[in-house]
Every structure is written in structure tokens, then in C-alpha cells.
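Note that chain A is present in both complexes that follow, paired respectively with chain B and with chain C.
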Partner chain A sequence: MGPRSQTSAQGNRAWRYGRKLSALIASVALTFVGLLFVTFLIGRVVPIDPVLAAVGDRAPAEVYERVRIELGLHLPLYQQFFVYIAKVFQGDFGRSILTANPVTSDILRVFPATLELATAATFFGILLGIPMGVIGAVHQGRWPDQVLRVVGLFGYSVPVFWLGLMGLLLFYGRLDWVPGPGRLDVFYEGLLTPTTGVILIDSALAGEWDIFRNALAHITLPAAILGYFSLAYISRMTRSFMLEQLSQEYITTARVKGVSERAVIWRHALGNVRIPLVTVIALSYGNLLEGSVLTETVFAWPGLGFYLTQSLLSADMNAVLGGTIVVGTVFIGINLLSDALYRLMDPRAR
Partner chain B sequence: MTTQVKYTTPEGQGGRYHRWLLASAPRSRYQARLGRAYQAWLTFRQNRLAVIGLGIIIALVAAAALAPIIAPYPPNAPDLSIRLAPMSAEHWLGTDELGRDILSRIIHGSRLTLYVIVLVAIIAAPVGLLIGTVAGYAGGWLDMVLMRITDIFLAFPKLILALAFVAALGPGIENAIIAIAITAWPPYARIARAETITIRNADFIKAARLQGAGPARLIWGHVMPLCLSSLIVRVTLDMAGIILTAAGLGFLGLGAQPPLPEWGAMISSGRKFMLDQWWVAAMPGIAIFVVSLGFNLLGDGLRDVLDPKAEGQ
Partner chain C sequence: MKRWFAFVLVLVVAFSATPATAATPADTLVMAWQFDDIITLDPAEIFEFSGAEYAGNTYDRLIGYEVDDVSKIYGVAAESWTVSPDGKTYTFKIRNGITFASGNPLTAEDVAFSLQRTVILDKSPAFILGQFGFTADNVRDQIRAVDANTVTIETDQAYAPTFVLYCLTATVGSVVDKKEVMAHEKDGDLGHAWLRTNYAGSGPFKLNQWKASELLILDANQAYWDGAPTLKRVIIRHIAEQATQRLLVEKGDIDIARNLGPDQIKGLEGNPEVRIHSSPKGGIFYLGLNQKHEALQKPQVRQALKYLVDYDGIANTILKGSMEPHQAFLPKGFLGALEDKPFKLDPEKAKQLLAEAGYPNGLTLTMDTRNNFPTLDMAQAIQSTFALGGVKLEIIPMDGKQALTKYRARNHEIYIGRWGPDYQDPHTNADTFAKNVDNADDAKAKPLAWRNAWDIPEMSKKTDAAVKESDPEKRAQMYLELQREHQQTSPFVIMFQDIEVAAERSNVKGFVLGPSFDSNFYRGVTK
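Here is the complex of A and B:
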């Protein structure tokens, strides 16, 4: 091959890659607009009059009319949608009725708590789930594999809020191993100035080890309950990936060459499972954000899920839709990220 | 319908019906159909867990049908003199904060559970089937538009979307059903589309088209029946998730409203007394767990019978 054809091949590849990338970005953008459209529609079908909610039902007609124009409700629906999109891109979700703050600042305040809980739960799921999946695959059909199956079936069948309540009953109410609901004991509340909002990081940075230990004790049970579901998912996927690898010929070759069984399983096979596992972990992280709605309610954990349910119960639509958009955006972002990571790590997918 | 195990019938073995059902040369269409169903049942029966799952579902349906007869007390008969009574011979699972018998409420609650899953399946499965088959059969821009919409719905976290819809429609069991159905159809559309694409160019479709069948007739009469088995498996496996979502909505106070004996709402009201009267919150949760376990086990078994190629996914 001459140098000319080589550069044209390279240019071709770059062009193809660029086209793939732009198609991906276009589809993500379309999904995002779809998300906004759905939330916009939900906001329109609510039987609550947003003007009435703002001015109260004893306001005179001219005040009502003025607020209606202020809120942009006199415009045709499609114009309202464009105004809505513009506002969302400026980070403006309106004001929460419940807290009287802008929804954006509310969400920024509560989001770190959810992030902390979901991350701790994912750690739990990874640290236990991957070894369990590997062991299940190695002993396929024998008792470790059966244990894995039961763990999975239980995880797919049990209501997370009920498991949380039973965990509280047993470990807090009866055994007294963990502190009760919330992120910190009341005694420590407000002692820490939030920098990141993640108490475990903030307290460690400030050298407040008493607070750190208290926060750790508080997060253990909700993270374990939530992490159980990611454990069930990660271990099942690890098992099926490992089974696929262990039946490949390179594994036989390694064994014939005298590589120890431990190295064959944990280095050769698990090494090749790493890439699809990244995708699985990212997806389970996205699912945890969803699971956190119920878990946070049970543990009175002041995160996004708790905020969302509190707003739901008081029909605070701005807060509900703002929270929905944030969770949906994070979800889309995580899917995109896992896709990008997959392409980055696996040369075959480029 | 395919079966993994083929049963042969050596002369003189098994009962008369067994031999008639498994005849290698059935003499009528009726015999062939029954025989095929019988073979599927024999395969299904080998999976002991799936049979347990089927038993749980039958028990659920029986409890719902016979609730007023088998429940020892009416579901909404408060008796404050025995409020929060522990488990006893009169009240097997104890009583709640108004002195209502928890066992009776759980039995009556099975009606609500069944109501939710049947309605969600009736709404979501046909919608998904229709969208998927039309998209897969038509191809081109229609396929693109329909699948884009499907993807947008798939991009939402399910529970959050359901919450947002319930918030808009207002709490209540009917609205919870609508919200869950809206979030449930996209996977069905994807499955139906994938199946349609694999059979769209099959010879029998071409033959029917040459005989003058229009698109509607082809989709309705030839494509949809072939999508059904994988759809049934998926719907059965989804039932557990639907039950959990409905219970979650009830728990948050957005699903069935009191005094309806919905299991999730019962857990929610038992929460206040949990540390001392644990049974109020614990018992309905066990009911939810058992029923969704039943659907999971049944779904696994059905997958082996109806859709063996999807095994292990």
C-alpha cells in the first residue's frame, strides 16, 4: 500500500468515527428534547392551576391576569414549550411551593446526599458482586451458583422499601448495631460547613473524625440495602460474562501451558470481562438513582429522592418536574458515558 | 412453539391419553395442537421451581376470587378494642392500628394486586405489540419515528416517570395503573419489532402477500401470532416489577388510597408502629414478596418452554 492510500484510509476512518459520534450526539440531544417534551406535557395536564397556586384564590381578576402573563401562560402552547426549553437550559425550573426556594438551588442542596448514598451502594455491589459472580461461574451448577441464584431471585422479588424497614427493625430496633434514620445524629447536625455536600468527604477534609464515623455508621444500612440490588445485578452479569470467557480456547491454551487455575480465572478470564462490566456497573448506578427514591423515603435520607416524594405529596409540580428532569438527564448521561467508556476501552468497538 | 425435550412413545408405555397426545402422526389438527401443548407442559413440569411459581399464581387468583369466603373477617371492619393485637389464634397475622384483621386485608388486597397487573398487561402489551410490529414491518421513516419515541420512553427511569405521571393525574389506583402502563410498553415494542424483522422476509409472508393479503392482514394474522410467545415471557417476567412499582406507589401514598387494603399502602401505615408492632408492616411485605417471586419463577419456566433461545440472558 502506498502512502496515499494509507492517508485516505485514515481520513476515511476519522470521517466514519466523526459521523458515528455526531449521530450519537444527535440521538442523545433528541432524547433529551423528548424528556423535556414529556415533562412539559405532564406539567400541562396537571389539574392544578399554576396561576391560582401562585396568587391564591382570593386574588382580584387583574392580579390573576398579570401573573398569568408573567408566567407566560397566555402564549400558544408551542411557544410555551420553547420558553420552557430556554428556561431549563438556563437552569431555571421555577420556584418550589413547599420550600419557597428556586427548585435549582433546592436540587443542588439535596443532590450530594443521593450521590453519596448511590456511590456507597455501588461500592458495596462491586466489592461483593464481582467475586460472587466469578465464583458462581467457576462452580457452575454447584452450591455457590445456587446461592447466587437465590440472591438474584430474592433481589428481583423483594420490595426495596420493605427490606429497608425490616433492616431498620432488626439492626436498629432490636440489635442496635446501627444508628437510626437520617445522615447524622441530631447532635452533629449543622456542625459541619458543607463544601462538597458529601458528609463523608467534608468531615474527612475538616479532620472531624467523630462526624466521619457517625456519618459512616448512618450510611451503612441504607447503602447495604440499596447495594443489595446492584449486587444481584452485577453478580449475575459477571457470572454470564465469565461463563462465556471460560469456554474460550485461549483459556484452554493457558491451562495447557501450566498457568495456575487462580491466574486463569482471576487474571485471564476476569481481565477480559472488565470491559462489559464497566457498562453493567454504569447501568446499575443509574438504576440506583431510581431505587434511591424509595430507600431515601424509608431512611429519611435528605437526598433527591426524598425531596421528590415530599414535593409529590404536596403537589409541588415545579419541584417534581425539576427533579424528574435532573434524574432523567443523569440517566441519559450515564448511558452515554457507559457507551463512550465501552468504545474507549474496547478497540473492536471503535 | 418449540420444546427442548422430545418425547418418544414406545408402544405400550404410558396411559391411553398420553399415547394419543404424543402420537408421532396426529390424525387431526386438533390432536396435533393438543399434543404440542402437552409436550410444552411436560417440559415445563420438569422445572420444579416454575411449577411452584405457577402454584403461587393460582393461589393468588383463588384468593382474589374467593376473598369474601376464605377471609375470616371483613377487610374494613375497625374494632378499636383489639387494635395492634399480636398474632393469635383469632387473628393469625395480628391486627392493624384500627383493629382490622391483617390476614383478611391481605386476602382482599390480592384483588387489587390482580386488578393492577391484569390491567397494566391489557393496556401495555397490545400497545407495545402494535407499535413494534408496525415499525418492524413498515421499516423506513415510520420505523425510525416509532423507535425514537420508544427510546425516549426507555431513557427515563421507570419509577420516576410513573411518579411524575401520578403527580400530574392525582393519586389513586386507576391513575397508578395508567402511569405504570405508560412506562411498561417500550420493551414490548422493542421485542415485537425484533421478532417482526426476523420474519418479515420469510417465504410464508411472501406467499401470503402474493395471494393478495394487505399489510394489516399480514401483521394481524401472520406476524403478531409469532411475536406472542416471546412477548408472553417478557410480560410474565415484568409482572414482578409491576407489582413492586404499584406497591411502591402505594407505599408513597400515590397509589390506592385508604381504606383500600393495598399491600404497599398497608406497609406505609404500619411504618409508624414498626419498632413495637412489627407485624403490621412486615406481613403485607411478605405477601408482595411471595407473589412477585411466583411471577419470576413462572417467567423463568415459561422462557424455557416458549423461548428457549433466550435462555441465560
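Here is the complex of A and C:
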């Protein structure tokens, strides 16, 4: 093959990547608009009057009417939507009724709290869930497997709200192992200027190790409770992936070759399970990011789930739409990331 | 495997190295409180319970009242005042030596500006001042700073001076720092956009930071003209979950828990480290009987239903200290409040009244009920006692905003709900429970009497007369009479009055729970 055809093959490949990329961008954009449209519609059909929510029951008729126009609610629905979309493309998500702040600054404040909690919870889920799954698979059907299955089932089926309250009662109320709700002790409140908003990172960057340890202590219980759910999921999936691998011929070959049992399980089999697990972990991480509202309520954790729920209940649609976009972005981002990781780890997917 | 264990071990050590929390800092009051209703920090706009409490602690108003005896009115930013003989001009002498957090002195100009600003901005609570005939066009003439120490207020008619003065004790009467606020003015908004999230006052506390539904920190104003607060700082955390609040106060991680339900309060009984502090508040729970309904129009039926509520039973078994029986439209703590409770559960008497009205076999009614505690629980108790008198009550549970929409459209038969006063003057409740000048469906004013289609031209006149009576004693008498008549004839079954409950650590002293939300004070707290 001559050099000319090689360049053209490269060109072909670049073109193919380009086409893939633009298709990707188009599908992402379409997903966003669809997401916005559905959220917008839901916000308009809920039987809550957003003006009433903003001005209260006692406001005189004139004030009510003025606010209705200020909020743009006198326009037809499709116009309201276009006005909103146009603003979003300029990076303006509007102002929240509830907090009087621009939605962007609200989300920048609440999202890091959720990110911190969900990340810690996922760590917890991975650290315990994978070994549990592996042990379950190795001892399939025997008592360790049964015990771990019950533990997993419990995490899956018990409401996280109840688990949170019980956890607080036991580990904070009775045993004093962990501090109470909130991200920090009141004593440290307001001392740290947020750079990233993630207290563990901010305090470490500032060298405030007292605050770091306090934040770590505060996040332990909520992260464990929240992580329990992902632990249940991750361990179950690990177990079934492992069972599949352990029945493969290469495992038998390795054993016959005299490879130690530990290496067979933890290196050979788990090494191959890694790849599908990435998707499982990414999905569960995404779920934790938007599904932690109950944990956030119990632990007074000022995160995105809490913010979104409150905004929804008070018909604060700017905030709800802004939050939805963030959750959407995160989901799409995590999916892309797991795709990329998949490619990186699995040569066949390249 | 070993590496895993090592890693987990490190984590465990890191966690356990942190000592679980100690007591709260000695110079700081730490409170758990549901303050997610705060949507603004601008006193010209604040109309929420939590917002009112914030303003009450951070801003000075012209005048105040004794929390234990509201008939005693005293000057705050005003040193003294006089009312002209024709009852239309109020002249306030402004106190010297008050400074704002910015360092600017508080002058008559700031006072006039603050009141004008409320009227011009015309936010939800602006009507409290608007009642005296102020509009955006005339307010600069009607409310004026005559010199550095004198403000005059001219009302359109002669009202009861107590009425005008009580209205000035409301949050809208807070004095804001004109220079500071106007320095942040944008597009002629009188600094509103800025003040919604910032502070420009002279009160005993100043704002350190506010994060909506998360955190509110107030710092003591060390230069407060009436003496600095004992504590340096108040830290308030929004804790949504009541059970969590209880746990925190039991552990001593907070000094005061503000939102405990009846069950939590019961659970704290007998705990020597926590004290329950309670005080009546202005909220009133009542049934509204729609006068568009044929049966409910009959006076005997209305009377009968008032005998079919087990007031004490509900208070003891459901409300457990969070409300107490009260049967008149003015809550305890208001000028002229009537404390008589003529009604108690009496099914025989009710049956007799229903027979007189032409319903010897009883009747069936529906009640729109908010799907929450304690409304639904109260409704069920009422359902069972109504049945004793032969009244079959059908409860229609619904969302709060939905119930309100239906109520405002007068499409209910019975509505069970709560009413809170807007300001600390008896007129606020008289105006809504005992005045309805236009009963047409498209009436401009829609007070509670209108919402229940109760056409009362005579009583409306009495309500108007009471708000113009200049002698406070006489005025109180007029309200007492009005309530006695209202109690017997109105389509309102007034049942309970709110009690605000705070659970305090036993070392906390001096937290004031006043009759209204803007008179809950942190200033005297010691621990």
C-alpha cells in the first residue's frame, strides 16, 4: 500500500470521527431540548399557581397581576417556552423565586454538596460492594453468599429515609460515633471560603485540617447510608459477572497451570469483570447524584435533590428547569465517560 | 487483599480520630429552625413568618409593644410622638444616637424614606400602610421628614391611633439605611434587588450570611443603642426533619429546636436537659361554612355544628400543646381579644337545634381538607363528633394550594383551615372575619367573610367604627362586643389558637417568644 492511500485512509478515519462527533453533539442537543420541553410542560400543568406561590395568599389583586406579568405568565405557553430557551442559550437561567438568587449561583452552591456526598457514597459502595460480590460468587450457595445476599437485599428494600433516621439515632444519638446532621459542626460554619464548594477539597487546599476532619466525620454516616443502596446494586452485579467468568475455560486452564486460587479470582476473573462493572458503577453514581433527596432531608445536607424538591413544591420553575439541566448534563456526561472508559479498557471496543 | 484492608483501616482510623461533637460555643446561640419560607430579606417585602422574625431581630422599627401586654406601646426609633387634634397627623420625634451597621446615623430622613419605600415598591405587605390612604403618588407628601429629628405622617381619615401605631410595629415599619440602600439602587428599584439578599439596618443583630433553606448567621451589633446583646452570634440551621431537630437538641448540638411536632414534644417530657417553652401565637384554626349552601344558611345549623366539635378532646389527643381551644376571631395577645369559650361538645343540644332548623334526621355535608397534619387528623375527629349529632361529614382531602383555590372560588361546603393575622392590630382579623361590604362573586376585596358568602352590612359598619375609635379602652370594648355577636351568629366555627413551642437546652435563658412572629427576640438570650 502506497503512502497516498495511507493518507486517504487517515482522512477517511478523521472524517468518520468527525461524523460520529457531530452525530453525538446533535443527539446530545436534541436530548437537552426534549428534556427542557418535558420539564417545562410538567411545570405548567402542575395544579399550583406560580404567582400565588410568589406573592402569597394575602397579596392584593394589583400586586398579583403585576407579578404575573413580571414572570411572563400572561404570554401563550409556546412563547413562554421560546423566551425561556432563548435565555438559556445566553446562559441565563433566570432567578429563583424561593431564594431571590440567580438559579446559576444557587446551583453552583448546592451541587458541590451533592457531588461530595454521592462521590463518597459511591466509594463506599465500590469498596465494600465489589469484595462482597466476589466473595458471594466464590462461595455461591453457601452461607457467606446467603449472608451477603440478605445484607444486599436489606439495602435494596429498606427505605433510605428510615435507614437514615435509624442510623442517626444509633450512631449519633446512642453511640456517639459520628457527629449530627449537616456538613460541618456549627462551630466551623462560615469559616471556609468556598473555592470548589466541595468542603473536603476546599479545606484540604486551605490546609484547614480540623475542618477537613470534621467534614469527613460529618459525611461518613450519610455517605454510608446512601452508599448502602449502591453497595447492594454493585455487589449483586459483581456476583453475577464473576459467576459468569468463573465458569469460563480460561479459569480452569489457569487453575490447571497451578496459579494460586487468590490470583485466579482477584486477578484473572475480576480483571475481566472490571469492564462491565464500569457501566454499573457509572449508572449507580448518576442515580445517587439526583436521587439523594431523602438522605439530604434527613441529614440536613443542602444539596441539589433537596433544592429541586423544594423548588418543585413551590412552583419555582426557573430553579426546577435549571436543576433538571444540571442533572441531565451529569447523566449524559457520565454516560459518555463510561463509554470512553469502556473503550480504554476493552481493546475490542476501540 | 492486604492492600484493601490497609486502605479500609486508614479510613476507619481517620474517621474515629474525629471526636464526636461537644457542646455549642459559649458565646453563640445555635438554633434548628425551618426557615425555608424566607424568600426575601427586604423589610418592604417580607411577609413570611421566618422573614418577620429575621427583621424583628435585625431592624429597628419606629415603635414596639410589650410582648406580655400588647396594650403598652413604646418608642424604639421614635423617642415620642403626638397625634393632632383632628386625628390625622402623627408627629414622631426620632431618637438620637442610633447608628446603622454601615456607621451612618439614623435620622428622620431614613424613617420617612423607609415608609415611603414600602408604599412605592408595593410588595405583598405594602397594604398594611396603604390602609391609611398612601399611594405611590402621594406618599412623599403624606410621610415627610420635617427636620433631622422629626417625621410627620398624615392619614387620609382619622383612624384609631392604636390602629396606626400597631401597623407601624409590623415588619414594613422597619427603618432601613437610606444612603446604603440608595447606593445599591438599580433602574429606580430603591435598592430592592440588593436588599433582598443584603442588610441595611440598625437592630440588635446584623446579618452575617444567609443561604436560603440552609443557613442564617446573625452577629451581635456591639454598638446597639439600647445595649449590645449578651451573645456574639446566632447561628440558625435549616433542619427540615422534626425528628432530627429533636435528636440535635437532646444531644446538645443545638441550643434551641424550633419545629417540634406534638409527638416530639411529648417525647421530650421528663428530660431534665431540655425545657419546653411555649407561647400563644396569632394563628387561628376554624371551619368556614359556606353561606351559599342552603342548610348552612340556617342559624340553628351553624349553631348546632359549633356544639358538635370536641374542642378539648382534639386539643388533648391530637394537638398536645401545639394549639389550645379558642373560640373568638381575635387571638389571645391582641387588644380586645375575647377569651370566652361558650361552646363544648353537646350532641343532644345540637340535635335539638337541627330539628328546629328542619333537619330532624340530620344531614350530609362535605369538608375540603388539606392533606397534612394536623388538618386531616382534626377533620377525622370532627367527622366522628358530627356523626353524634346526626351530621354525616364527608372529608375531601386535597393539596393545600388546591384547597385554597377552591375556597377562594366559594365552591366549598365546609372548609377547614388556618388564618394568621397580618399585623398586631385587632383590625387585621376583624377586617377579614367580620367585614364584607360586597358579597358579589366579582367583589374586589375577598375577605374570609366573603369567601363564605356571608353578607353582613350591619356588622361591617361595626367593624369600621371600631377601627376609628380613638379611645383604646372603648375600642377594646367594641371588639369584645363584636366578637360576642360573631361567636354566636357567624358561619365560622373558631376552634383553636396556635401555640409556638421551642425546645431549649436547660441552660438557655431569655429567648422571647412574643405574640407575633416579628416579636420573637434573641437579644436577651444568655447561656
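We adopt the following convention: the second predicted complex is superposed on the first by the 276 of 350 C-alpha atoms of A that agree within 3 Å, B and C clash if a C-alpha of one lies under 4 Å from a C-alpha of the other, contacts with A are read in each partner's own complex, and residues count from 1 in each chain.
As a convention for this text, a contact is a pair of C-beta atoms (placed from the backbone, for glycine too) under 8 Å apart; a residue touches a chain by one contact, two chains touch by 3 or more.
The structure presented is a predicted model; accordingly, all values stated were derived computationally and were not measured.
Contacts of A:165 after superposition: both chain B and chain C are touched.
By the document's definition of touching, neither partner reaches A:242: not chain B, not chain C. Applying the stated contact rule after C-alpha superposition, one finds that A:266 touches chain C and leaves chain B untouched. By the touch criterion defined above, A:288 reaches neither chain B nor chain C. Contacts of A:30 after superposition: chain B is touched, whereas chain C is not reached.
Using the contact criterion defined above for the overlaid structures, shared-chain residue A:173 touches chain B and also reaches chain C.
When the two structures are aligned on the shared chain, A:297 is found in touch with chain B and with chain C.
Contacts of A:117 after superposition: neither chain B nor chain C is touched. In the superposition on chain A, the residues of chain A contacting both chain B and chain C are 47, 165, 168-169, 173, 297. By the touch criterion stated above, chain B contacts chain A in their complex at residues 148-149, 151-153, 155-161, 163-170, 240-241, 244, 247-248, 251-254, 264, 267, 271, 274-275, 278, 281-282, 285, 288-289, 292-293, 296-297, 312-313. Those residues of chain A whose C-beta lies close enough to touch chain B in the complex are 27, 30-31, 34-35, 38-39, 42-43, 45-47, 153-154, 156-162, 165-166, 168-169, 173, 240, 286-287, 289-290, 293-294, 297, 308-309, 312-313, 315, 317, 320-321, 323-324, 327-328, 331-332, 335.
Here chain A touches chain C in the complex through residues 47-49, 52-63, 66, 96-101, 106, 109, 127, 131, 165, 168-169, 172-173, 176-182, 185-187, 189-190, 213-214, 216-217, 220, 262, 266, 297-300, 302, 306-307, 310, going by the rule given at the top.
Residues 1, 4, 7-8, 14-18, 20-21, 24-25, 28, 30, 36, 39-41, 47-48, 122-127, 196-197, 208-209, 211-215, 217, 235, 237-241, 243-244, 247-248, 250-251, 253-254, 399, 401-402, 404-405, 422, 444 of chain C touch chain A in their complex.
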